[in-house]
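You will see subunit A twice below: alongside subunit B first, and alongside subunit C after that.
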Partner chain A sequence: MNDIEKNIREEAKRLLDENLVDLVIGYQEGTLPLQTAPVFISSGDEVDKLVFNSCCKQNLAIYVHAALKQHHQAQERVKPEDKKQKVVGVIARGCTSRSLVIHLQEQQYLREEIVVIGVPCSGYIDKNKLAEKTDGAEIVAGSVDGDTVTVETAKGTTKLKLDEVLAGNCLTCAYNNPVISDFSAGEIPARDCADEFAEVDEFAALSESERWDYFSREMNKCMRCFACRNICPSCYCASCFAEQSQPEWVGAGINPSDNQVFQVMRMFHMAGRCVDCGSCVEVCAEGIDLRKFLKKLDQDDQNLYGHKAGVKLDEPSPLASFRENDRETFIFEPE
Partner chain B sequence: MSQTTEEWEPKIVALVCNWCTYAGADLAGISRLQYPPNVRLIRLPCSGRINPFYIVKALQHGADGVLVSGCHPGECHYISGNLIARRKFAFLNNFLNYIGIEADRTIFTWVSASEGDKFARVIDEVTAKVKALGPATRLIKTD
Partner chain C sequence: MEAKLIKKDALAEVVKRIAGQKLVYAPVKDGSRVNFKYLDQGESAFLDYGNSTNAPKNIFFPQTETMMRYTRTDKGNKLVSAQENIDEMVLFGVRPCDLRSFKLLDMVFDQEKYSDPYYVKRRQQTTIVAMACRQPPSSICFCTSVGGHPYLSDGADILISELDDNEFLVEFLSSKGESLAKLFGSLDDATDTSMARKNELSEASAAAIKSTIPATEIKPWLDENFDHPYWDTIHQSCLACGTCSYLCPTCHCFDIKDEVTGDDGLRLRTWDSCMYSIYSKETSGHNPRPGQKQRWRQRLMHKFKYFVDNFNAISCVGCGRCVANCPVNTDIRKVVSDIAKL
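This part shows the complex of A and B:
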């Protein structure tokens, strides 16, 4: 148990024992090596399940949203005098806290309905990179010790540098400490990170047809399982355009064009709202390079409107606000 | 299509605001201005009512070009519909181009109710631009 785990367990226990929260959402050991799973704890006796390490991949904000929405719905039919508030505690690293900020800005729940247990984070292990390094062999055991990841497969034991297998979004993330928190389990210096848009610039420099070829090739892999949407904290609508039938935005069936349209629309919904947590990339069973496209929206958000998703509570999202003198270089004027 | 490229005429979907561009198109008609018959106007209450998905869907269903036009900034009937729309369009336009949709397939402009001549010129030029691109091939749904 590291110091951070000790601190979050103590804080979670205190919050639950003193009835300050009804539920703590965190990470527990997974059933597979080098994996963790979300855990929902409602009693102080269970806090020893909580872990925090470089195998914690999920952005837990989506579960906070789900728990509170469910509670709000259940309360709708309760008499005003009997209404109860539910408070959810959550283990939040940088990107998770940014998603919480987005929920708060979008008035999904009140600040007093959440208790943010902040944890410093220097990144998580990307399953795709790990598979690449181990030639796709099944991982039977693994451990992380400081900067070294030891992976055991049927073919033998490999030692890897942590940085080699960290997710791409973590390598360019400067939000190593949460942007909001009620309790801090520790702090680390912000990463001196590489240019987060280097990949976008490189892609934009390709020709239109090269870009289209790449985009359509990636989207052809999509089986529209909607896992990327389901895991995304910013995709919380109860009914989604992707399943609407009147109008049918995305056709049922396996037409590649519908894959493309689905992702164009899903990603467009992320304009100014994607916190680059990488959860969608992590869950995609087809290994689709979603980040390459999402980052473009992030770049425009920053370049056009000087905004960064979920960083400041009092800064409205770009599509919920405007300035009279917003750049309009794309507006066509006839000669 | 059996037509040769010389006779190929593009299909252009124009999503326009009722209060300005649509009236501008009317004025162009009343003034007997000539413009190419390639556009199909779809009238909406405000450019703010133009769901960006309409643009994507038009492309998916075979539009060779999509023109979007509303009131000039500051002149929206609903005060700020077009200012909010402008941000959506900026994101979408950049994004579509980023994934490889030709820049001239989607065109955004402002045309007021008194600009019948501007409307005719816009249609002229947009049609020429889309013609130069040739038939759309990307994002299109084929069975």
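This part shows the complex of A and C:
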């Protein structure tokens, strides 16, 4: 158990024992090597399940949203004098906290309905990079010790540098400490990262046909399991356009154009709302590189509006607000 | 039934030779993943693989399939069957767990009373070449717990088993399989020694499967406990995505939808997943399975109770795809084991 785990367990126990929260959402040890799973704890006796390490991949904010939304719906039928508040505690690293900020800005729940147990994070291990390193061989055992990841496959044991297998979004993330928190389990210095948009610029420099080929190839892998949408904290619509039948925005079949339409429309809903947590890439069983396209929206958000999603509570998304000096050339003088 | 011996290099050539004559659906490497696909002209199969990310069920039960077309005319609707002309196909290199999944899918789609012409036609037109698992491809594999075996041949037309790093045993198990024999070229007959070697490896491979689940033991509990507090404990982290169902070789729920453009319409059958919020949702808006709890219960019950009640078989082949690929690490092995302890 590291210091951070010790701190979050103590804090979670205190919050639950003193009835300050009804639920703590965090990570627990997984059943497979180098994996963790989300855990929902409602009693102080269970806090020893909580872990925090470089194998904690999911952005837990979507579970906070789901828990509170469900509670709000249940409360709709309760008399005003009997209404109860539910408070959800969440283990939040930088990107999770940014998603919580987006939820607050979009008035999904109140600040007092969440308790943010902040954890410092230097990134999580990307399953796709790990698979590349082992050439697809199954990892039968693995451990992380400081900057070294040890993986064991049928072919033998390999030691890797943590940075070699960290997710792409983590390598360019300077939000290594949460942007909001009620409790801090520790702090680390912000990563000194290279240009976060280098990959986008590189892609943008390709010819149109090369970009189209890449996009089509990635979209063709999609089996429409919707894992990317369902893990995304910014994708919380009660009913998704992809499931509407009148009009039917997305065809039922898996023909390439329908895959493209689904992904393009989902991504555009992320403009100014994507915190680059990488969850949509991490959950994809087919290894689709969605981040390449989402990061372009992030870049536009920054270059056109000087905005970074979910960083400041009082700075809402450009598409949800208006300033007199907002750029409007794309309306009056399109390129 | 004939049994022959073939060298590794020659086997790769055999796949190419078959692909020159018939449509071949075989594993192909794409980065660090391996997936089944129809081989393009000159494309090689990747036979040195553990198992594919996606199950090969797509060959018999495509993710999207046109069932019929219709056109609105002044004289009413004109309906046209869209059953395609299916060419003869060869499914090459399928693992025994996936091979078993076809037996289970047959129970659903090819019954005496209800026979699905789309599925049955594809099935009839396909010759299945299975490849035994000399070693279990993954430590997650649990085929032996659910009625499978790493050297299972039931349902295969040809079974290929690796005898050593360079030699394979080819057993032609049916007349369909034998009709492919000439494409394997002239080969040496297998000897008693090679058959003995295969049996030895088969036992060793089965013994190497360390992951086991009490798959049959939980049936009585499932029979009695449709309402049990345990069902409140597994679904919380579930994202309600369809990864488990879509990668599963035995999941076979489908949806039927019409797509209409002007006067022309298509009736499509597509995969569905019990994990989805619109699964079993009725036109009124009511859904008998309103939440993820009920949907998870459905998934488990269908595999380990309903299918057993209907067909006397567990609808899981122990390939481990859902375990390896669940984005939130919900492990069906753990769920089944936990239930057995209740």
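The criterion applied here is as follows: the second predicted complex is superposed on the first by the 325 of 335 C-alpha atoms of A that agree within 3 Å, B and C clash if a C-alpha of one lies under 4 Å from a C-alpha of the other, contacts with A are read in each partner's own complex, and residues count from 1 in each chain.
Here is the rule we use: a residue touches a chain if its C-beta (ideal position, glycine included) is under 8 Å from a C-beta of that chain, and two chains touch if they have at least 3 such contacts.
The shown structure was predicted, so the numbers you read here are calculated from the model rather than taken from an experiment.
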item	value
Contacts of A:S209 with subunit B and subunit C, given as first, second, both or neither	first
Contacts of A:F241 with subunit B and subunit C, given as first, second, both or neither	first
Touched partner set for A:S122, first subunit B, second subunit C, both or neither	neither
Partner chain(s) touched by A:F268 [first = subunit B, second = subunit C, both, neither]	first
First (subunit B), second (subunit C), both or neither touched by A:N230	second
Partner chain(s) touched by A:N255 [first = subunit B, second = subunit C, both, neither]	both
Overlap of the subunit B and subunit C footprints on subunit A, listed as residue numbers	251, 255
Residues on subunit C engaged by subunit A in the complex (per definition of touch)	31-34, 50, 53-54, 63-64, 135, 137-140, 236-237, 239-243, 245-247, 255, 257, 259, 268, 270, 273, 276-278, 323-325, 327-331, 333-334
Interfacial residue positions of subunit A with respect to subunit C in the complex	30-32, 35-40, 58, 62-63, 128, 131-132, 134-138, 140, 154, 223-227, 229-231, 243, 245, 248, 251-255, 282-283, 285-287
Interface residues, subunit A side, partner subunit B - complex	203-204, 208-216, 241, 249, 251, 255, 257-258, 260-261, 264-265, 267-268, 271, 293, 296-297, 300-301, 304-305, 318-319, 322-324, 326-328, 330-335
Residue ranges of subunit B in contact with subunit A within the complex	52-53, 56-57, 60, 73-74, 80, 83-84, 86-103, 107-110, 118, 121-122, 124-126, 138-143
